[in-house]
Amino acid sequence: MQCFSGTRRWALKLAAAAFAGTLAFAAPAQAEKPIKIGFSMALTGGLAAAGKAALIAMEIWKDDVNAAGGLLGRQVEFVYYDDQTNPSTVPGIYTKLLTLDNVDLVVSGYATNMIAPAMPIVMSRKMVFMSLFGLAVNEKFNYPNYFQIMPAGPNPLTDWSKGFFDIAAAQNPKPTTVALVGADAEFARNALIGARENAAKAGFKIVYDKTYPPPTADFSPIVRAIQAENPDVVFVASYPPDSAGMVRAINEVGLKTKLLGGGMVGLQFAALMGKLGPSLNGIVNYDFWVPEPTLKFDGVEAFLKKYQEKAPAAGVDPLGYYLPPYAYAYLQVLGDAVKAVGSTDQQKLADYIRSHTHKTVVGDVSFAPNGEWATPRALMVQFQGINDSGLEQFTKAGARVVLWPEQWKSGTLKYPYAQ
Amino acid sequence: MRIGWFYPIALLLVLGGAFATKHVDSNFVFYAGYVVLQFIVLATAWNILGGFTGYVNFGTAAFFAVGAYTTIALNKALGLPLLAIMPIAGIIAGLIGLAAGYFTLRLKGVFFSIATLALAVVLETAVANWGYVGGASGSYVIPPAEVPFFDNYIEGLFSLMLLLAVVAVGIARYIALSKIGRGFAAIRDDEVAAECMGVPTLRLKLIATTLSGALMGIAGAPYPFYVTYVEPTSAFSLTYAVNSIAMPLIGGTTTWFGPVIGAVLLGSLQQWATVTISSELNLLIVGVTLVAFVVLAPQGLVGLARKLFGRGGRTP
Amino acid sequence: MNQPPVLDVVGVVKRFGGFTALDGINLTVAPSERLGLIGPNGSGKTTLISCISGSLIADDGQVRFQGQDITKLTPHRRTGLGIGRSFQIPRPFGSMTVAENVAIPLEYVGQGSRKEIASEARDILGLMRLDHLADTDARALNQIELRKLELARAMACHPKLLISDEAMAGLSGNEVDEILEILLAVNQRGVAIIMIEHIMRAVMGFSERIVVLDAGKKIADGAPEEIMRNPDVERAYLGE
């Protein structure tokens, strides 16, 4: 430094100070510009219970991410609107998010009829689109940047019931006859289509195959009609109110069969589990996540603890095992992709998500080309040892034992079915 | 019938709206505007039977959904373009209105209203069980990527609904100022007296139900393109019935412009609330507005204006 | 005058469930005749005129108007043929002005341009002495004005037969006279009138012939003086 004259040294110091000064002013301004994630969510209307639970999970994710420094050094903000469980609001909402609110990223609302209306809008702007529990939405669109977080698998119709019939076929002696019963409505009819296929493939004889109209209240006649055929296996595809009615009728009539359950929606919800209690014992049904030792993925217990603290005040499912972990996970996939790619470039994010396996609170997630899970992970669980004591027992291992897929098995099947 | 001011202004509105789409940046206005215009049509259609003639229809959703599902069925079966489907949707919905009227209008008015409720339920069940249009699982209609003249499909839909709104209001105005309209008013005021004064009440009532149903069906025909995915529960939603009754009530049921005022006010309020307040408060606000109007201005805004400024003579 | 009757009621029967309101009524009205129709409450007067005007359809028997069988026709068809009626309790079109009320039948029963209809409406209102109220809302009228509007509307049907259903009930003496004058003036124009009234001096003074009903049957049919002296009539009104 002997070669520099006094003035030059002074000028250099001034320049350095100025440069440092501009950094000091510029850097915070850039770091403060938040990353905005936009979406619609059902906060009122028929899907509000699920939508509000999902939103709680999503905000826990946001808080976790922001506490750890945000994404790309920027804090995450949500811009969301209540879609009122009214599909007509969705195109307008996503258009506003993308053209007026200028969000950086979008994710979907909850359920098929709230997700589908957004598709043309996100597709026209080539946005990467994480989707929360829509059934086969991408079949018509074939949009490559669509990713579904529900673990149903690439063939949702058959995948729902595959596990159930695999379990049945594995018993010794192998059962021979199957009864299929379900609500005469969307999901149930599709599940029954898959069930018929799986039953045929496994070599079972179908001795009863009927649907009931959705507003059925008394299921005893149906249960008796099923009993009359003496089936070894009974597969039920039902919605929450029917599921409850069916379980009660089965216990009242005293249905004698060897394997019972399959596609009963609602038995995953705390409210129904608490109400039905011991009458659930022995039923083998689908689920997406249960608190068994084989499913304790990174972060899921911490997440559930935070969720269960907030749930009672919001009046949503107090246990939160069904949907909330997946609402956390679909943001996890997106957020981790942003960090890995280093930007919010939509195509780069989509390519990254498609080509990688993601570690989330619901396990390792990788996607098939159509945006569904590459490997289905609809679990088959059996209710065991349930008593009248309330919800606490469902938070412990052993209440719902995972039987299928083999990879996640956490206990043994109690067979044949007995009440 | 003198040409007057209405038709030139109507033409200006439609052309102006269509050209405006090219100059507005954000499509959000068109998505929100489409819904408001759709409700102008539904409120005006409802009012032809409800306000003019005095027969309350609770089944707006039935006729609206008939229009939507006609589009789905014909789009799937024959690939017909929307403009060709709309008149067919109107004819089918009109025939359903005619049938509903034919079987119930000989009885007291309350039976007709109950029948319209039942009609909505029956049609929803029928559609939910009709696999061809997707049944309960719903049906997808992919909006076209390219639309002639407009930059995208939503500008086209918006302009189409604007045209439809102007036509529907024009029809309502024509009726209000015509012999048929005076006959409707007589039926509404006192049906027994009207019949004895030579008004063919059954025939006029059937005209009203047919026309009202047809317009509602035409309003529903573009809906699948707007929302992409149609399933029975939301297509037959009660909001259509509630709004198509509330909007004329707010604006005024005895004139052709009352429903327009109500639809613009309530419809815009709902669209605004969705993307601002956007919470349970949204529904509360809309509900409170409704109650306030019914209590404070039972004849609607038009009636209120008349009271404040004196009865200004015949409607324009 | 030996012209065919303008109205011919033959053996008309009307039942309501097990109750027989009209038990075979026979009645004729000559063109331009003034007929009074009286009887105690519940005797079937309103039922009879309903079967004539079409508000009710007779279960048995025939109603012929100017030679044509109208037994099963709808009311508006009968109105179109020339039967007009006023209602006992006035039924104005509440959202319209007085002139608009009268214009409805003028437009639906008659023909003519809007101008011609407006002009004729004023003529009729002049006859009824309602022309000063032509542009008033019908809702704002008092009782006698409403009664006169009923008659004005019935006149606007261009009737050959006008049924006046207790148009004078509850009115003051002067008002009764006013209505009587109007009905006479209408009759001068060649309109047959059936008048139902309980005000005896009005019926007696106005009618050329009186028909008496009791418990669904016709018990007397003749000139006012005969009816006054008829013991059956006295019994019907005063009991045994």
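All chains are identified by letter, namely A, B and C, in their written order; residue positions are counted from 1 within each chain.
Operating definition for what follows: contacts are C-beta pairs under 8 Å (C-beta built on N, C-alpha and C of every residue); 3 or more make two chains touch, one makes a residue touch a chain.
Treat the numbers as computed from the prediction; the structure is a model and nothing was measured.
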Quiz item: Of all chain pairs, which one counts the most C-beta contacts?
Solution: A-B
Quiz item: Taking mean CA positions as centres, which chain lies farthest from subunit B?
Solution: C
Quiz prompt | Centrality ranking, top chain (CA atoms only) | solution = B
Quiz item: Roughly how many whole angstrom separate the Cα centroids of subunit A and subunit B?
Solution: 38
Self-check item: Centre-to-centre distance between subunit C and subunit A (centres being mean Cα positions), rounded to whole Å
Solution: 76
Self-check item: Geometric centre distance via CA averages, subunit C-subunit B, whole Å
Solution: 43
Quiz item: Which positions in subunit A touch two or more other chains at once?
Solution: none
Exercise. Scan subunit B for residues touching two or more other chains and write them down.
Key: none
Exercise. Give every residue of subunit B touching subunit C within the complex, in rising order.
Key: 179, 182-183, 185-186, 188-190, 192-202, 254, 311
Quiz item: For the complex, which residues does subunit B have touching subunit A?
Solution: 25-28, 31-32, 35, 128-129, 135-138, 140, 142-143, 152-154, 223, 226-229, 231, 233-234, 237, 239, 271, 274-275, 278-280, 282-283
Quiz prompt | In the complex with subunit B, residue positions of subunit C that touch it | solution = 53-55, 74-76, 79-80, 85, 87, 91-96, 100, 103-105, 107-109, 137, 153, 156-157
Practice problem: Name, in rising order, each residue of subunit A that touches subunit B in their complex. | Solution: 43-44, 46, 80-82, 84-93, 95-96, 99-100, 112-113, 116-117, 119-120, 124, 137, 140-141, 184-186, 189-190
